[in-house]
């Protein structure tokens, strides 16, 4: 079976793909047809079913895995697959990680590491707040473990939110060892919670797109509200502690222009902002290296808009003479 | 009695002033004395009680009105009153509006006008939300009517928040008559609620300073949370409606750099932003005219940092020849 | 007849279109042909007359309405009509409003409303200046009523300049009722005149493009000069009044970066800037809603560069449950 | 006689100074006194006449040269001269250049050099326009020769406008020799006229302050209007030529943020902007060197806000070893 | 022979072109072919040799001039030449200036003029430093004379670096005559050396692309280091003089955002920055005029991103009436 | 003995202070006197010796420790000490750390930790380059250990450069463990060397001010040149490795506006920039906490320009109820 990235004009293809969406439409001549978007981990491609009622076309929906037969052509500059046969595939016939971009780190191990950090938080209110999300709420845990940390840019894969959260928390923990002004309990809690709003801001894979609340409120506001709602369920949760924690969430982008309504006013908010930014940029660079992995070692990648620079790998110093 | 603005080096003064704060201190020689800040509507002045235990010094606290006798001197370039006698004045001996800056419009009439706008809101959920604050919550009403809309800049007086809210709401109502894309119920509700977070962000007069939550969260976040908490108490309040309303609050400053974590994404959020900005700027200009009222009609006020321009009154066109 | 927006590759079409331009050219083989741009209110399309001297091709010019027969093909990704027959149509055969974008408000009613505002201006010099343009100069009136307020962005239709001027003036009148620092005569005059330079900056429909003076001087400078030239014809027009009025014109964009050589230094200049901006943005949003009218109510329009945000309609609150 | 810069607390002084302004005032005790501002080329100092009706005090006005006797004291941190005797001095008793900052170049020679450039302009319309100002209008010539080019910053001295205009014109002439895209007639005319609006924007010495029109319109708009008014008096002056020339005036600051309502769209407008900026900056540096002339050769001047850098002279390279 | 700009789909062509690069590749079917980029002064075009081992295909390399026969087709929207015959051409068969963009000024004359400026530098250390590059180092001279001053934008032609350096030096020399604060020896040396780092930053024609050091260090840093290395070889070269000269190099872009790590702190650094900017902008305008030379005299060129404006030629004033 | 911070008008003082500078001057009456600046770790104060030739005044110079007797008065708003007796103190009479701000960490331990990181660098060229500075050059080591990392802002104390370098290197080492794209040898070397130019940019304590080269070139350029000069002394040092390392130095400020002439183009340059920024900001916050240590735990510090926010400590969460 070919990955979508490998398709080309004129091919006849068959294999299993994930259905991102399926909608019905009508040609100018009044004939019904279906628009289908197929995806795998390498990308998406438009599909057309010109004869939706033909016996070879199973009944299927978005998010089904389908085994298809089709012809690839080019229309208005883009590839298009005319689907002749569509059969819904059964679990076991396919490997989901072939269809969705996924962290190359083990999700359960990462989640375990995150729980270890939760256990370092001694303040009982903060500890309980973390537990309510990361221990007691299976639906939240499921969404958190499968969420991406972004629509594009960086960590845009299953497990991305978890990986980013873990790395940021780990870096914050590193900071607490060298900068004694930092309150470890507040900083670890803020780090672990800083992006929980993303479980609401961005819909699950394969959509991985902004939700209505994501557009209107954003993950910063959503996250602060989640903290607020949970804190209210914990008897005696100090109001000042809730405000300090919410401030860290609000300020973690560091600058107004990046959507933070407040600049860091607490040392922990500053530290969180630095760690969030450092992991985001180093992971963006890591992904850029991956997507240019085929290039010769000393070739420049071209101008990158995130880093506002042309980028190049360093290569193996020992090969220099 | 002299207003604080009129005090000058070498005067002996007596009269009633409001105590903004009182703290104890010790000189380098180990002698106790008191730092007092006196205020009236024209400003504040530092006071010193060098002999706090003398019989002529009543027991008094911040926010008391005190009848004092003292000597005005200059220290490090600023005026200072050495207080010889301090007596706590009784209600009736002074007029509070001489001591706090106050709207020159009638507060109860303005509040009545605001209630009229609430009655134009037909959507039952929004109407009930408004009622819970502006009709059913006497403590909120009291704070809302006495709050200023800012620490300095504009509407920094008792009734300022009410006046600003009324003017913004009135302008939004004007907009709904000419731009049919606007949903009147949502826009009026957003206008009425857009700055309710200021009742928490800024402490009451005479302090009128940022609270801890004001510093950490800001009135935009606080206001959105107030909407959220109240909406949750109203059975059936639609989630989408809550999000739309909160979005208008979040986006009403219009730009990230002004502390809005979201830019207006709904027509009502845009309209609210335009009305909020227009009233703020026209009121700032009005107050600038007042504070330069003594200048000749054709004299320039000097460079103003808000307007990034030198400013001048227009004067009476009919006097031109 | 099909609107240009409805044309598609492979169609044979006939009907009346407006000629935006016609130029002659020569193929590499030395054969003469004509480039024609056809337009109607839905857009423009390139046309080619490969045989300009054929008997079926009438003699015609830019701005003629022509009845054509042609074949639609695609060339370099764009549609192109090969014109086989071209006949100049007579008045009455077509409705001009099908060919040019036009305000959906009645132009004469709007102009009447604007004259009402002129009658509110009591200062004799300002009143006479307004009369010289809006009452006594039929050529100016004709251009003003048919002009657009912009090349694209907002109010880019016949009557757009009139509609924008009326709405801005109306909003300024609203301001004068609530902000007594504003001089009504100066503000209304400035509002009515603020964009008169656009009658020179942008050529008439169907070109609706920047003129040479528009490029070199811009409507702000042109408008101030028009005020200056007219004021000089009115005996006794006070020099200070001319300067105040010209200042309002110069400063009405509010910021240097938007082409104002002065920031508002008078309250009326500030108010005009606020009204101009508010109407421009609310009308831009209105037109954005229109151009997305076909989308489902809760669908986002995509990122909009003017508002720097994704945009969505609010929809009918009463349908929320 | 001492220069104002040399005055110090406790001195008794006598000598001739220029009166910048004189106003009457009343002490809190109801006694009349006069506020006088005295100036010479080194600065200004406040003067007080506590006994205005004493026989030793002549009748005098602003802009008179007065021979005074007085005592220097310090009040609120600034020096103040108590004037005991004031006598109006006669022409011949003083040298005006001791009282006003003046170009160290010969004004008549500079004006002659400027006329030479006017004679290089061959286009009859442009030549006539230049003549109407610089040859035929003695009042304009008088103001132009004595005007400064700025209130502060650079060329803030008598003859400063002339010197700046000559240097900019000379640099533009240099450009025409090396960049053949430049039209010499248009560029020289634009250079000679580019700041004529400053004769209206800034009042004459010793005030040298923004006029009302300067504040409201600025020298760019005023200059363009002067061109317009003069061009209209020259029969047959081509409209396009007037627009090109006005464009150069409008765009000569090069950036919106520096008050130009248009960016350079013609090569001549670009060249004028470059020459204007180069002379302004090199002269600012020259004046900075002068005001730090007493410092040792290798001493840094401190942070300068115009250049956004600490500045140092280069010194004599030949002394380096 | 046709210039590359003149090629079109369907042509059969023959003639001599310069080979910019040649690389081997393999089709999906495992067949070898060659990718060739052909260039002349009008542009580049992709070539394919589908049968690299055929007898008609000479052995050739990048930078050879080749006489080819081929067919022009369109692939993915771009032209492509299928090469049937390739023969390496001999010197004399072609004119190099047809293949590389070249200054229209005489390179040797310009270099002579530059040497004249070197002879004006009297300081022995600076003079010797200039000599080591511009008189004694034939390899440097060869590269300097053939280098462009930029990859695109302006002076992107053989001799461009020399022409830019000469014009900047000439303008600096002009400055020294009118602004006596400038040290002529330092300024001329800095002007002559200001872009010598470009001989390393950008590879030679026809590549004319950033080198690895160009990407990592940039011509400013490279140039300063070249000065440093050469100064160290000159006995007694004063350390302060080296620092002053390197500062001029570092600061010659004038602003941090243009890659200068220091703002001008010496008058000579300021003057060099002004001259560098003026020549760059006037030459950019000159090249823009050239590339629009075919347009009618009064036609606007369209929005230009360098000048952030639509641009138009001025035309012949004498034709105006 | 009193610290300088504790001095006050009217005191008679005696004790040992460090002489920051001593210069001779002459009063207007022609009398010689000396200007002396005394300092200790709490600040500086102006001193005057009105009778420099009196027997009680020892011969002394800048950087001497002197035992003085004097009277404190106030002049023009600042304190001033009139020195009656000055005796040069001997080593042992004073503790240098009372006179210069010093890191509260052990300098030799920190240097040892830095040497440990040098030993982790395996690449022989980089290792040798580091050794030449940090092992083999006692003068460099002495300056490096005593240098501050800044004139003000952060790490402005003896040992500050070492502490900052160690913390940045440690954070980079942390990064190498989690982001495998980073080349550990290059990153550690770059981190250790990133601010070595500061040993030249800023003069030693007690001056701690920018040197001439610091002003003209800055520590980024100076550091890159130091790398270059040392690399040239190491046989076989690869040119590419030198360029990569210099790039990391050049780009370590991350943004043009912070004085980096290049944005990070290598992953190691990015990581160094992130670590440098994180340590600088967390140390700035730490110093801000120290300088506000006396304030109550919940008091805000006031607006801070570095963080563009009001700042507050978090306090002890366990005290919250």
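The first chain written gets the first letter, and so on, giving A, B, C, D, E and F; residue counts start at 1 in each chain.
Throughout what follows, a residue touches a chain if its C-beta (ideal position, glycine included) is under 8 Å from a C-beta of that chain, and two chains touch if they have at least 3 such contacts.
The structure displayed is predicted, hence computed values, not measured ones.
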{"item": "Where chain A and chain D overlap in contact partners, by chain label", "value": "B, C, E, F"}
{"item": "Minimum number of chain-to-chain touching steps separating chain C from chain F", "value": "2"}
{"item": "Classification of the chain A:chain B interface as same or different, half of numbers criterion", "value": "same"}
{"item": "Distance from chain D to chain B - Cα centre to Cα centre, in angstrom", "value": "45"}
{"item": "Computed distance of Cα centres, chain E from chain B, in Å", "value": "62"}
{"item": "Residues of chain F touching at least two other chains", "value": "212, 215, 240, 244, 262, 265-266, 310, 312"}
{"item": "Pairwise chain contacts under the document criterion", "value": "A-B, A-C, A-E, A-F, B-C, B-D, B-F, C-D, C-E, D-E, D-F, E-F"}
{"item": "Sites on chain A touched by chain E in the complex", "value": "77, 298, 300, 310, 312"}
{"item": "For the chain C and chain B complex, residues of the former touching the latter", "value": "123, 126, 167, 170-171, 174-175, 178-179, 181, 183, 185-186, 236, 238, 240-241, 244, 262-268, 270-271, 274-275, 277-278, 281-283, 285-286, 289, 307-314, 317-318, 320-321"}
{"item": "Chain E-facing residues of chain C, complex", "value": "28, 210, 212, 215"}
{"item": "Residues of chain C that touch chain D when the two form their complex", "value": "212-213, 215-218, 220-221, 224-225, 228, 240, 243-244, 246-247, 250, 256-262, 265-266"}
